[in-house]
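Listed next: structures, encoded as structure tokens.
Here chain A shows up in two complexes: once beside chain B, once beside chain C.
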Partner chain A sequence: MEFSNYLSITDILVTNERIPCKFLHDLPKMGFLDPSAADDDLKAGTNAEIPIWLAESLYTRRPPLVNVELPKTYKDSYREILNADACTVDLHKLGQHFYELGCYVAKHDIKGEVGSTLINTLRQRFRMLLSASVATDSISAMQPLSASERLQAAAAARTERNLASWLQRGDCPLTTANMVANHRKRKRAEMEMF
Partner chain B sequence: MDPYEIEFIGENRIISIIPNFTYDKIYLICGEFGPFRAGLPMNVPLWLALMLKQKQKCRIVPPDWMDMDALENIKEEEKRSRFFTKMPNEHYMVEAKLILGAASEDVPNASEIKTVIKDIWDIRMSKLRTSMDALMKSGGGYGRLDHLTMMEINSVKPLLPAAMDSLLRIQMKSKKTTPANLNVSSFSQSGGSSQNI
Partner chain C sequence: MFAEKVIELLKETERNPETIDQFNDEKIRQILEEMQLLFKMNMNDANATMDNKALWTTVQVRHSALERNKRCLLAYLYNRMNKIKTLRWEFGSVLPLDVRELLADEEYDWFTKYSSNLATYMRSLGQDTGYNGIDLTENLKPPKSLYIEVLCVLDYGKLELEDGDVIMLKKNSRHFLPTTECQTLIRQGILKQIT
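== the complex of A and B ==
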């Protein structure tokens, strides 16, 4: 789960996610942020959904221009489901980047319960990753996993496959090591550049 | 890491052979071995032993632990204990697979031994999986890897560290930004309750 990195695609996608915000001040000429507004100006007290990157910068201003609210998937009702049994939830449908988005949302949660819900969810759903890595029907096992969980499960499945093939094979065929193969390609790429 | 890479590391272990030819000392990167005297037992690395065996130049002396009674004891112990027991050999699986694969006629009761070792491996692997799950559920911050062999550690490698990693990241993120309300499991607390994995 590589996030909070300037070049991370996941992070860019996550920060583009829209979250509900309440504007605390009148903002002239910013009416376009609220698609339902008829005016050019944005009134104080308007509720609108804006991307996280915008919400973050508006929130960190002194005084803050917006008040960030929790998206519905992180609210009490959903949190109760997740805390009861996280394994029944299809995180892929609920939000592909559930954990990453949750980390951004967690700091705006006054009660601080989103963070513990995230950790709880991760702990409970580890069993799903384990079973997805050995499942024969990998497509249906992978289906309810979020994007980062899918990556982890796929990596685990790869190890599992390698181990199984090692155990079954009688002898070891000699092949080029990955490192060596990559090294040669890199050399050729370098030669072509100059 | 690929299992074959671990096999390569395991192939450096020294085992006993009885050569059927006579030759001077040989000088290898990993040391000098020999001189070879026909009929006299001597120690060589596993890979060399296998190579000589394939050319029918030697007989492999099975390691002490590759014995029916000893392995049955280990299996019982492994079944009884909640934790992992100490294996007779850091690369028991690699050694067993290579020796039994190439020189099964040199080992008495080869097929039974193969089954017992496979049983031990299966018991340990299922124990490893259940304790991994228990570790994550119980909220432990670290796991002890006592008596796990390299091949077994490798089998959990991308999954468990990645999960612990994302756990730590979420904990750091939600802790850093909300210093006022500490979460249920702060990191020092969860470190205390360790699981034996």
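== the complex of A and C ==
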């Protein structure tokens, strides 16, 4: 799991999110990890929010240096909302990488409820995802979706469009390559700025 | 906090997933400096752990930060490499000057090598059956007709066709050309197919 996405930028951005941790050992000179601490040294028992990548790697040391706790959005109160009706939640605001972050958090949840919440959430929101991908007013339909859901919806919409145009005309005109076109567009935008 | 510069770098890349950015050597230099510093601090503290066992934990934290920085830099280079690969397929083996400027020297070397490797491979295709190679960058979509009507988008200059005719590609001129002759130009955004 840890190195499966070693080169993925998305995974790197996900692991940059902060989660609350409790330090189990003294850390000399690491006081800056806890913004409220005045000392240079970080004492055992301090609670601080640190990025997941740091938490993960400190947790896997022998002996573990930190104890990972659940972030607010994966705790009971939010889980109840998600289990009741996941479609009402704006995942873009709650956490852009809700599912990906959840995968990291889930293994630190002793009761194992985070995992089932994630599956449940996706199951409930799937219809929403489907309707977002065929919606004509796509901006407002896309708004409450998380980052990965947006990618899925956009891919679905693209496939839908391609299928429709293929069914209608059966031919595919030659087009400019993607990167060439985008490079042009950007250059034009830069030219207009000056 | 550790590894923040490198995140800025990756966010920049993430913002433009479809185009390639200027190689950011200034930021990479800063990141490498941060890593050097972390490494030096770790060396000092690792030597001092003989007297003070508690320092060991600090060394581990910094070591994680070093690994993180390394991972992010590798990811940055890897993602650019994939884009450069796409450049070869979409712009062709000769890059326009303004694209060429976006690559670092090492990246351009890599591009040249990739390009010649690809060319060697394409030449070798079908040799056993008597053909001398297939250009894989052609006919990415199934060709529908032998001739197509195209509109010229840019002032390109002269183009010599296979039968020896020379035509002038001027902006907004229309031509009726063999598909095989103009599909590369269409992909490069010089011509546009009129349907």
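Here is the rule we use: the second predicted complex is superposed on the first by the 161 of 194 C-alpha atoms of A that agree within 3 Å, B and C clash if a C-alpha of one lies under 4 Å from a C-alpha of the other, contacts with A are read in each partner's own complex, and residues count from 1 in each chain.
The criterion applied here is as follows: a residue touches a chain if its C-beta (ideal position, glycine included) is under 8 Å from a C-beta of that chain, and two chains touch if they have at least 3 such contacts.
Worth saying up front: this structure is predicted, and the values here are computed from it rather than measured.
Enquirer: Where does A:Lys75 make contact in the superposed view: on chain B (first), on chain C (second), on both, or on neither?
Expert: neither
Enquirer: So, does A:Leu129 touch the first partner chain B, the second partner chain C, both, or neither?
Expert: first
Enquirer: With both complexes overlaid on chain A, does A:Ile9 touch chain B (first), chain C (second), both or neither?
Expert: second
Enquirer: Taking the superposition as given, does A:Ser148 touch the first partner, chain B, the second, chain C, both, or neither?
Expert: Touch partner of A:Ser148: chain B, not chain C.
Enquirer: Residues of chain A that sit at the chain B interface in one complex and at the chain C interface in the other, please.
Expert: 171-172, 177-178
Enquirer: Where on chain A does chain C make contact in their complex?
Expert: 6-10, 12-13, 16, 25-30, 32-33, 51, 53-54, 57-58, 61, 65, 171-184, 186-187
Enquirer: For the complex, give me every residue of chain C touching chain A.
Expert: Within the complex, chain C contacts chain A at residues 1-3, 7, 10-11, 13-14, 16, 18-20, 45, 52, 54-55, 57-58, 60-61, 64-65, 67-68, 71-72, 74-75, 78-79, 83, 86-87, 89-91, 98-99, 141-142, 144, 148, 179, 183, 186-189, 192-193, 195.
Enquirer: Going by the contact rule at the top, pick out the chain A residues touching chain B in the complex.
Expert: 1, 3-4, 99, 102-103, 106-107, 109, 111-112, 114-116, 118-119, 122-124, 126-127, 129-130, 133, 148, 152-153, 155-156, 158-160, 162-163, 165-167, 170-172, 177-178
Enquirer: If we count contacts the way the header does, which residues on chain B are in touch with chain A in the complex?
Expert: Checking each residue of chain B against chain A gives 2-5, 7, 97, 101, 129, 132-133, 136-137, 139, 151, 154-155, 157-159, 162-163, 165-167, 169-171, 173-175, 177-178, 180-181, 183-185.
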